[in-house]
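When the chains are written out, they are named A, B, C and D in that same order, and each has its own residue count from 1.
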Amino acid sequence: MNYTIRNKRLSDDEFFKIRKEEVLPMWETGKQVENLDECIAAAKELSQVSLGAQGKRAALKLKDAKEKGTHVLIPQFGRALTEYMVDGLSYVEEHSELAPNGFWLIYSDSYTRKLNFKKAAEGIERSRQEGMSMLNGWPIVNFGVEEARRVMQATTVPLSFNSTDEDGRLASEIALAAGFDACYSRSLQEVIAHCKNIPLDEEIRINQYEQRLAGIYTENGVPICPWNPSNLTGYDSPGYRSFVCVSESLLAAEQGVKHQFIEHGQNMNMIQDIAMIRVTEKLCYEYCERFGYTDVNFYTGGFPFLGAWPPRAEEANAMIAWNAVITMMGGFPGVILKCQDEAFATPTKESMAMSVRLAHHLVTLMGTQKIADSEKLRLEEEMIEAEVRALMEKCLEAGDGDMAVGLCMGVDAGWIDTMLTPWKYNKGNVTVMRDAESAVRYYDSGNIPLPEEVKEYHRQKLSEREKKAGQLNFEMAVQDLQFASILKKK
Amino acid sequence: MEKRQVNKSVVIGTIGADAHMIGGWVLRRAFEEAGFTVAFLGAVVPQHEFINAALEIDADAILVSSMYGMGLLDCEGLRDKCIEAGLKDIILYVGGTVAAPLELEKNWPEIERRFTAIGFNRAFPNTCTAKEAVQTLKVDLGID
Amino acid sequence: MNYTIRNKRLSDDEFFKIRKEEVLPMWETGKQVENLDECIAAAKELSQVSLGAQGKRAALKLKDAKEKGTHVLIPQFGRALTEYMVDGLSYVEEHSELAPNGFWLIYSDSYTRKLNFKKAAEGIERSRQEGMSMLNGWPIVNFGVEEARRVMQATTVPLSFNSTDEDGRLASEIALAAGFDACYSRSLQEVIAHCKNIPLDEEIRINQYEQRLAGIYTENGVPICPWNPSNLTGYDSPGYRSFVCVSESLLAAEQGVKHQFIEHGQNMNMIQDIAMIRVTEKLCYEYCERFGYTDVNFYTGGFPFLGAWPPRAEEANAMIAWNAVITMMGGFPGVILKCQDEAFATPTKESMAMSVRLAHHLVTLMGTQKIADSEKLRLEEEMIEAEVRALMEKCLEAGDGDMAVGLCMGVDAGWIDTMLTPWKYNKGNVTVMRDAESAVRYYDSGNIPLPEEVKEYHRQKLSEREKKAGQLNFEMAVQDLQFASILKKK
Amino acid sequence: MEKRQVNKSVVIGTIGADAHMIGGWVLRRAFEEAGFTVAFLGAVVPQHEFINAALEIDADAILVSSMYGMGLLDCEGLRDKCIEAGLKDIILYVGGTVAAPLELEKNWPEIERRFTAIGFNRAFPNTCTAKEAVQTLKVDLGID
């Protein structure tokens, strides 16, 4: 196959051509951010309103926490109307210790994420009629930059906007112009997690624009911290998760991104999750260094389990706590929070405040306790690292040194693969299962170039479960999908 | 009018802009195991694709999954489109986290009322297991 | 000083003399348990009513969990009236997954624990008048054995009765005759935790009776599992905690106790708590072996933090979760549970059910995950072990091989010592503080025979905090007492 | 009647069968630091010991700690005993977890009403800090 995509920085000409022709015309509010210089100046102004020396900039909060070995709590919020946003953010900040050290992850609704702004407009209307949020997030594009600035002014901490799904470019433009962070670094992550039909090379092209946008703001004095998430489907090998993050760090770095919040969805095995995130950080630095991106800062974080959540508050609290404990024991500054509503609905302000209070007290109780170095942790790191290196090197070889090309080739050939995704280009020839200690292993590694020792390690780990639970089978993999959500009926 | 013959076939997919596919994927396996023909459409499925698939396999039922909170909006009009396509009597189920506001999710009778009003036969909360869904459909089809 | 106490098994003559003259006459309900053979037969009958192969016997539940590497959840309950007890236990068992693997820790009220049965009777009356529980536990002695059997029959899991304070003999007699476990192994533990004026040798004498009672039931086919708790004041050196447990294991073993649930209040530093409990288990086996008690089974458990708890549900949930995580990561079968009400009141059934649900889901999520062996853990174990051995050997030397005598001498001389206690015989010349990772260290080790390397280790650990927080002082020790309970005002 | 001279002295202890001493211990330090004479009685203190100590140091106030939920029962009659002993005007505070039932603890005005009814000047929930207790007593003594 032939790919036109390359991992190469967009020139100003290219960038502004795309901006004018593709991005701003997407919806009428695009006009409001036409003047990029003014937007950058406004963002600078809005985010310097500060509670501490770091202002309302996620990059600086994370940097500070990383240096001090402390933690940044990151709750999530998104409701259909701006007044719900203002009310919700203020409520949580007033009823918890989110400020001064935490920040927000802000979601738009899924219609916005799919660029269906007409349907988002209907949802806004419907929400007004019903007097409640009928959208699963805040339609930032429909509301435009002035409303976004209202939200920014309503909070005392930074706002990170989740620019997710196929095309977050216009949403990111508006978010950045309002002083938020945005511009997620995401291409393979995103198609696996949220897309169905878009080809990977097109997704990379779209994302290069967002990354370059973050680069331009950063170069002009507003340090943007795009998330480089590896959340994927919720059921992926840790090596695959880490690989996705490391590969995308190169794409972001090439576009001038200087701060990356590398966060992974956790599988809830403490040793494995910590090993995964540590390997990612190490290899992000190493591969960026190798390609000459020597001034990129990486901050690590843990995202709570992405599989199904249980439908009762106490069980959800157990998950909130265990996920936060893993992130903190790993020493990762960013602690992303879900809440009790996870199984039911878009988070309410009340539940989100409860979640922040719970996690904040864990920070108090745990202090600077970290997992101790051990043989077991080292072995787990080695195995993940070997998987990531194998994938990275195969990509770079296939792409002749170009990570963008390598990624596309790997997916098409099926040696980059994961189990379950809505995305039609993924082969889906691998199966993962939990081992006796609930770590995620390959039951079938399909065509992944998994080193033989890693294969053997996974086999051996699964055989420990086999000894306890009998012959493994595909049904067990299905049960594993629901292990944290299905509560026994009495 | 003669009653249409039951042929144990269902369409399964996640509707709208929703990328959550695991619920549907688990359902698919449960229905296949129970001897059903399944057209599995994955996630991010528009209404017309459900209908096309239902026509293709002569489905007894369309099982709509929705996990992201906007199922109520996404499902409006599906029954009308079914009627237009000649699938007047097809069974429509919806399941998952079908409404974003917690005040609605916690008021399940209201959710059921709303889905009944737009022509759905049943709505299942996300605590429903795949096994229960199979069992319920069998009863509704009179084959249990 | 001269002590008449010896660590020597009570003869049947001695035991039954005490029983008749001291124990049964304490209160009118003593008559109900006069016939010990009948009591044992009834207990056998009542505790075989079984959900599983282990029946309603804590020893067998713990043994099974220890062998399988799983966990036994142990919530706490105690209300003024029997109907509240029956209702509360049933409620929790119905609304959580306590059965079949968990069991209950049952509290009597503090008047009962102080043998003030008249005041307990007033509290029962008052509770009836007010329509709520005006006592902080269930006055088992006032209610007598038939009511206790009603409670036993209302539950599907074993009941462990907390026979605490100066003299739990009559309460234990009644509890055992109803099929409960009871007969805590406690002498130094108890005077430090709950007493003011009683001399240690007298406390040991009283407790020998309870231990012998457990021994007699066990020898007659009802395996009793006394708790050997080391909860103490909530602010003690882990070495001291471990020492108290190990020393008392010998006293219990001498009286014929074959199952001991050795549990420690946790200080909430994961590595240190786990090291403490592991050292205790190891040394209990070792010292019992040395004195020829070769057939004693020890089961380990963690008791949630015994200092002050925070007055909000979310913060309490964080503590419930973190304490349970520590116990489970240590691989200790017994997970004792507090609940959200801890800061406010005697636990309600609703909050206790919530606590069980939270902990049970942690068991699901964590599976068989355990802390990995590490240098850090090994070092912590070594330091605690050195402290315990130093104290044990000094006791045995001073007591000429008799642990009971050695304990009394150590306390009187002040080389057995802890910081804060209501008990007047403790010297209180030691001060403990938390280090930079919240582990508990000696700020001042008083006259404890702490090996020089252990002293140096504690000093070094505290200096790490000093580097962060500035010169340590006594005020910090005071603040440490409240670190988990005081929430910042906004 | 002449007003008794304030001499900045307090009795502190945990009442009844209650062995919790840390609250009182922290209070003691705070009051000593604020320049008070403190008679610290530790835990498990009967009513008459509070009174004897108050007589001995000519105390302005008796600060009763109770953490185990039976403070309400333990404190009844203390004011009467004070009056008998000639300590009619002595200030009585109680603080901690003073009632076992959650329904009472969560209804603080009712707790205060009950303690007022038995002659206490103030009741403090366990969220009260030692500093706040010192401050309040100073105000009540008119020395702030």
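In this section, contacts are C-beta pairs under 8 Å (C-beta built on N, C-alpha and C of every residue); 3 or more make two chains touch, one makes a residue touch a chain.
Going by UniProt, the chains are A, C = Glutamate mutase subunit E; B, D = Glutamate mutase subunit S.
The model shown is predicted, which means the values in this text are computed figures rather than measured ones.
Distance from the chain C (Glutamate mutase subunit E) centre to the chain D (Glutamate mutase subunit S) centre is 30 Å, each centre being the mean of its Cα atoms. Separation between the centroids of chain B (Glutamate mutase subunit S) and chain C (Glutamate mutase subunit E), computed from CA atoms only, is 54 Å.
Averaged Cα coordinates give chain A (Glutamate mutase subunit E) a centre that lies 45 Å from the centre of chain C (Glutamate mutase subunit E). Among the residues of chain D (Glutamate mutase subunit S), none is found touching two or more other chains. Within chain A (Glutamate mutase subunit E), not a single residue touches two or more of the remaining chains. Taken as a contact graph, with one node per protein chain and an edge wherever two chains touch, the assembly forms an open path, each chain linked only to its neighbours along a line. Shown are all chain pairs that touch, namely A-B, A-C, C-D. Residues 94, 97, 268-271, 310, 312-315, 317-319, 321-322, 325, 329, 354-355, 357-359, 361-362, 364-369, 372-377, 434, 436-438, 483-484, 488, 490 of chain A (Glutamate mutase subunit E) touch chain C (Glutamate mutase subunit E) in their complex.
Listed in rising order, the residues of chain A (Glutamate mutase subunit E) touching chain B (Glutamate mutase subunit S) in the complex are 80, 109-111, 113-114, 116, 119, 122-123, 126, 132-136, 165, 193-196, 233-235, 307-308, 311, 341, 343-346, 348, 351, 420-422, 424, 478, 481-482, 486-487.
Remark: chain B (Glutamate mutase subunit S) residues 14, 16-19, 21-23, 25-26, 29, 42-44, 68-70, 72-73, 97, 99-106, 125-127, 129 touch chain A (Glutamate mutase subunit E) in the complex.
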